[in-house]
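Listed next: structures, encoded as structure tokens.
Okay, so chain A shows up in both of these, paired with chain B first and chain C after.
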Partner chain A sequence: MNATGWPKFRSLNQEGIVFAIAVVLFAAAAIGLPGFIDPNNLVAIVRSVSVLGILALGMAVVIIGRGIDLSAVAIMAMSVAWYLQLLNTGTSDGLAFAYVLAGVLAIGLLNGFLVAYADVPAIFVTLATGSFVFGYVRSQLITQDAVPVPQGHWVELLGGLRFLDIPVEVFVFAGLAFLFFLFLRYTKWGRYIYFAGDNPVAARNIGIPVRPMLVLRYVLSAFVALIAGLLTAASLHSINTRVVNSTLLYDIVLVAVIGGIGLSGGRGGVRNVLVGAALIGILLNAMTIIDIPLLYQNLIKAAILLGAIIVDGIINPRDEQTAQQGDI
Partner chain B sequence: MKLIRRLMAAATALAVTAFVAPTFAADDPGPAAYAQALKGKRVMLVPLAMGFDLAQGWAHYLKKEVDAWGGTFETRDPNWVVDAGAQAITDAISSDTRPDVLIIHAPDLNSYSKLMKKAQAAGTYVILVDNPANFPADAFVGSDWDRLGQLEAEAAIKGCGETSSKKIGLVQGDQANSSSLYQYAGIMKVLDKHPDFKVVAKPDSNWDATTSRNVTTTMLQQNPDICSIIDFWDGDATGASAAIRDAKLDGKVFLVTTGGGEKAADCDKLQDGTYGAVVMTDLARQSGDMNAIIKFLLQSGQPAGTSHTYIYTLEKATTKADLKPDSCWDLKALQAEAAAK
Partner chain C sequence: MSLRERLQSWRYNLVPDHLVGEILTKRWTDNAIPFLALVATLGVFGSIIPGFFKLTSLQESTRQLGEFSMVVTGMTVVMLGGGIDLSVGSIFALSCFSAVYVFFILEQSIWLALAASLAAGLIFGAVNGYLVGYLRLRAFLTTLVTFIFGRALFDILVTTYAADVQLSSATSDVLDFIGDSTFSGLSVSVWLAIILAIVTHIALTRSRPGWHVLAVGGSRRSAHNAGIRVRRTVFMTYVFSGFCASIGGFLIACRLSGAGPGTGLNLEIMALTAAVVGGVSLGGGRGSVVKGLMGAIIVLTMTNGLIRLGYGTGTNQMVLGIMLAVAVTIDIRWLKNRHKVLNEVYVAPVYLKMGATQSAVPGSGTPYELDNRLSAADHIGLGELEGPEDVILDRDDHLYCGTRHGEIVRFFAPDYVKSEVFAHIGGFPLGLAFDREGNLISCVGAMGLYSVSPEREVKRLSAETSRSWTSIVDDARLRDPNDCDIAPDGRIYFTDSTKRYDAHDWALDSIENRATGRLLVYDPKDRSTRTLLDGYRYTNGVCMAHDGKSLFFAESWACRVHRYWLEGPKAGTAECVIRDMPGYPDNINRASDGNYWMAWLGMRTPSFDLSLRHPAMRKRMTRRLPQDEWLFPNINTGGVVKFNEKGGIVEALGDLTGGAHPMVTSMREHKGFLFVGGILNNRIGRYRIAGADPNWTSPASYWGGKP
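Entry: the complex of A and B
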């Protein structure tokens, strides 16, 4: 990436490779698959990766700062499940939302505090808090895997919202992507995240508040997870906590990493998330139209990811400097 | 005197018969044998997870009966994780309080086969519930999934009608779970007899509602004139119904699914038109079958693993037209009943 933020044409990086694959797939599907290019199908593609993309935005900010948030899916599902459970048992909407918001922020703060001040590796902290959130909410606060949205509640109405026949998730995803873009590119703290991710010790030495910023990132990620959960419940009229056991978490990391956000931190941005989400969206949609069984879908998805990583490894070989950055 | 003696003897005889008669009635050997065979026996249920309607319903009805005959009822919650279920079964077999009857809800055809064999070798009766497995358990209680698929297909054909596009979409579960595989086989059997009806797409949901929504959206996008969709489980059919709602095809696509017959999950959604037909498991009866076979096995005296019984639950496709107040059971009511104790 150069100063203007656009990829250099002579050295193709992973983002460029994945973007190229996405374009090729898109063109092939547009020609080969009837109905693929239909505007409604294109909207459906974006929508199908909206929640995934929103979660990946939160994950991207954490990864750029050289961390990882494995509790995102647990926070997403359990916070909303608890919220709906409170509503179903008669708690007033305002109070229920206040509880849940406080809970979500508390988990974000806990994640950030343990990583920033207790110096526990992020991968362990968030793995543990994710399990804790799931276990505590599932066993103590809700009675069922699936919690329905009460009839006529605003979450249900949110799911039916359309502008120009485009579902609300798409706008939320676009809006959040734009906000994250502004934050990462134009705010001081946004820029600092790159410094802290690239070299935390140097960042701290020049006076950047590395630790408070770290806490902020985990809070941000938790908050974004709550939004993703509300959108999921809005669309399905219920939330199923089984999603915590699914591969969603890996898909989030996949979207971020396949788009070119290095797990070693300090690299990437919102555009990488969009590229990653586009590839996954096009791929899944095309495979569903062709009616490929799920087992093969996973295989193809994995093969493309592996291919992108290998090509990136050949074009951009690791040198001593990047190897020292402390990969996960 | 003679007369008095005779009278007294007669009176005594009468008195004796009068006293003896009720003792004859109390001598029914049944209850004592029943109590002796069952008292203190342990029953354990290991479902796929405790967090969904079927498992909670089974646990409710089983506990009620087991408590009543003086046994101990326990559950384990693997929370959809196959390994955790295997661990729970292993621990149960090797513990001091090894269950006398183990009721297993198998995640797929093969995972628990060795463990179930071990359990039987240790003397524990193994009952499979809901999902069949490649293992000769002492009893299988649950749906004949092939038959269930046939019922779904028949309901879909009826829901479509003769004048429709005759295009049917399937949202399968996965390619490992027996309930999904046999359900598919059953559906195809019926559709083979109706060659004018075509399956236009058959994606998997992996039992996830969001995936079900996404694949159904694509399916409807490609074939807007689909007249019926069969989603393989009510746990993820909420996603298929969301896709139908979003495509503004409510009332035009007849959604068929299957579930545990819980009120909020099935009957309410038949009532509001979300589902066109649901093949529901009669949970109370299915639990009753389990209770009966448990009582039979514990009294039979036969070693575990010697007999293999299949008890298929009577299934039927319910539509809004034949909904009755007792078509479903109410999980909330069961939970309230349990909480009140």
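Entry: the complex of A and C
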């Protein structure tokens, strides 16, 4: 145990702390806020974080591999907006879905290619492609900010699905979380992501296909974003593309980072996403019940994210001698 | 000469291919791409949009450009320091609001509004700087979060106070002047932007804090290890960025007389795109304010142009996304591959048809006929020495030579067994000469002309000459000083073999065969260096004639020896005295019988002579083959040749076994012996010359008997 005393704190790792905070917050809200532990409200909490959690799963895989995907929300909103627009203008369902799927995979491939083969920092690639996807779809493919789901379409029916009074997106989230857990923990490729995130050069030296794996991660993230988009449209019966300019993207990063997935890669897993999502879900719900205006909620979320990043920086400090040049 | 060869010689000797490579070595080529992009953007939009270049239209767009370019200047400085500042949009908006609040709601003076604006920017910048600089958080994410935070704060403030601002009746002439008027044809914001850019440029390029920023951005670790306060420097870059953004915010507050939800929206991605499109490197260290400004003009012209062309919502984001992705990719790829491109294009061989030569084969009956005499030479320092390019003996018979390790080694007379490091130079000492006072003058490869006093004090005499007007790479610097000799008046004549390559790349120079060798003179009286002759194919050995009125110098890759006249009717001119030798000449030194010794570092081969007539083939060779498989001059066989004052060949000595002296780069006669050195050899040879004057020494020949 050295003089700084951090290791003691570290043994209590971030995930545990966040989980404890979530529990305390939950208890406090349950006692202090009327209607909080109402079963309907609890379902609402889980439902509200489902889409966020699904997006965070994709983000988590990318972050564990030492990357980041800032284009996730743009892909989520714009792909579905385009899909619905195609349906509304009379394109057959199969063809429209094929178009959109191809588009989503193409953007994922482009992200992965630029990061893996052109060696461009992920943060810039995805910032640029996110801006491009939004701009292109908004200006060329759709006509207004919000695109409604056509009457009687399967997306609409999906939104109405209930099982044990629990909306379908909760099950999708749970199912995806389980799949990602299996993937990250028990498949060869899943383990490779940790190796590549922890030390890309060493991973490459021992023969792991680091670059194709990178591309895979961004394609995966884009695909997950599409699923999240479809669920959003299902529950709201339309998709509003303004969500791209909202703080949703930062909420996703917040869920991943606050759950304990280190931004320097190689650490964390599905459990961290669940913990992070639980905390954010409780927090958002409590703030809504207390009736804090949305603008102030943004301020609070930003403050929490800042705190999370500062704590992350203190727990995982970067050293002058070992820091990578150009690692911004 | 066949037609093919004539065409080849025109193609390769008249087209200056080598300039491409030389231009690419220049740092300003980094500016070329953004500059072309700027011209193209202005051209395209200027021609599509009617009235784009009209004064009123320009004034409105330049006003916006002034604000924007300030933000970009701040972003540029942060990026040069190795960081990034995505919160500029929020700082801009908050500063704008601060000014508006103080002026319209508190109804204070405009100067107080400016102060509030600056304070908001500086505080915000300091927070960023503290988090990124001192806490070492990741710049991108941290400023992204402070951006969200600032934006949320701004949105709250604007919705709360928007109505009050509308109702305010505060006015000010100063505000109107800043917002609407012009000064000498340019708006205040443009003037401020220009001043800020100039000051920042000077600070970055000519002041200590600016250099620190560049050093930190260039290599953070090295800067830290060199004692630069890295954290404080990074901190200051963010404070500066906050400052720049806040002035921009104040100006827009004056221009729009208010703040709205759209203030500073998307500014961060625009500023980032501008800096990157302009060529400011991600990760720091490379870029300039001018590049940032070029990027700012490109981005603003594009986005404004698209709006004026009537493209709808989202087009801006699309175009910005494309520009950012393309610019970042080009930037990364260019940085990564620039040296590869340079290697590809730098070697630009020329055509040369070597003249027919006489044979040097034993028994051929020519004066060049080599024999095996040198193989009988005794060895000195065998195994201890590496690379005695030149050898020289002093008045006390001690033997000196340079070594690959950057030292001048002295072997003690009479048996030359014991040795010591006479002086440490640091570069590879090549040609050696003693001056009248007994100082040892040496041409040090890639460093210059040096002098070592008998007390072992090393002094640099010359490292540069005057630059020629038409040069692209700086040819003032001596890249390959090779051999020197000293005239009776004390002036030192020396050669610089090539302007195109450093000393160790001599093989590339031989393959390229471009005539860039020089003869120079250093005058110890005024310590000046002048270029006497230029345009020889690897000038090498220099030797003062016995009468001191002319000197001989060797032109290695052309296998020629020239005579340069110091006085007499031909003073200042050179004439070729030996041409088309079968070997590549190296150092030349005096012989006791009034003739001259000349070393051959290697022998011409028909294959390499043929390749000199096929420049395209040599170019392909350097590009496609590994260096081990290149065809270049044969240096496995050399020799020593004696020639007379008229250039007639007297005799030739060789080591046909290749065991002791396969290549010879220098030889020095001393008291009846010939001391032989070779740049790739591991010994100095001592060969007894039959019938030579047993008392003749080189110092006495130059400077008379013992003083």
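Here, the second predicted complex is superposed on the first by the 285 of 328 C-alpha atoms of A that agree within 3 Å, B and C clash if a C-alpha of one lies under 4 Å from a C-alpha of the other, contacts with A are read in each partner's own complex, and residues count from 1 in each chain.
One rule holds for everything that comes next: a contact is a pair of C-beta atoms (placed from the backbone, for glycine too) under 8 Å apart; a residue touches a chain by one contact, two chains touch by 3 or more.
From a predicted model like this one, the values you see are computed outputs, not experimental measurements.
S.K.: Counting only touches as set out at the top, which of chain B and chain C does A:232 meet: first, second, both, neither?
M.R.: After superposing on A, A:232 lies in contact with chain B but is clear of chain C.
S.K.: More residues of chain A are touched by which chain, chain B or chain C?
M.R.: The partner making contact with more of chain A's residues is C.
S.K.: Regarding the shared-chain residue A:299, is it in contact with chain B (first), chain C (second), both, or neither?
M.R.: In the superposed model, A:299 contacts chain C only, not chain B.
S.K.: In the overlay, answer first, second, both or neither for which of chain B and chain C A:31 touches.
M.R.: neither
S.K.: Is A:313 in contact with chain B, with chain C, with both, or with neither (first, second, both, neither)?
M.R.: A:313 sits against chain C, while chain B stays out of touch.
S.K.: With the two structures laid over each other on chain A, which partner does A:125 touch: chain B (first), chain C (second), both, or neither?
M.R.: In the superposed model, A:125 contacts chain C only, not chain B.
S.K.: Kindly classify A:138 by the partners it touches after superposition: chain B alone (first), chain C alone (second), both, or neither?
M.R.: After superposition on chain A, A:138 lies in contact with both partners, chain B and chain C.
S.K.: Scan A:263 for contacts with chain B and chain C and give back first, second, both or neither.
M.R.: second
S.K.: Would you mind listing the overlap between the chain B footprint and the chain C footprint on chain A?
M.R.: Of chain A, residues 138, 145, 295 contact chain B in one complex and chain C in the other.
S.K.: Any idea which chain C residues touch chain A in the complex?
M.R.: Contacts found on chain C: 82-84, 131, 135-142, 144-146, 148-149, 151-153, 155-156, 159, 219-221, 224, 230, 269, 272, 276, 282-284, 311-322, 324-325, 328-329, 332-333, 336.
S.K.: Help me check something: in the complex, which residues belonging to chain A touch chain B?
M.R.: Those in contact with chain B are residues 34-35, 38, 40-41, 44, 47-48, 51, 138, 143-146, 148, 159-160, 167, 232, 235-238, 240-243, 245-246, 284-285, 288-289, 291, 293-295.
S.K.: For a test of understanding, state which residues of chain B touch chain A in their complex under the given definition.
M.R.: These residues of chain B touch chain A: 49, 51-53, 56, 79-81, 174-175, 201-204, 206-210, 213-215, 217-219, 221-222, 235-236, 238-239, 242, 245-246, 264-265, 331, 335.
S.K.: Which residues of chain A touch chain C in their complex?
M.R.: For chain A paired with chain C, touching residues are 114, 118-121, 123-125, 127-140, 145, 247, 250, 253, 263, 295-296, 298-299, 301-303, 305-306, 309-310, 313-314, 317-318, 320-321, 323, 325-328.
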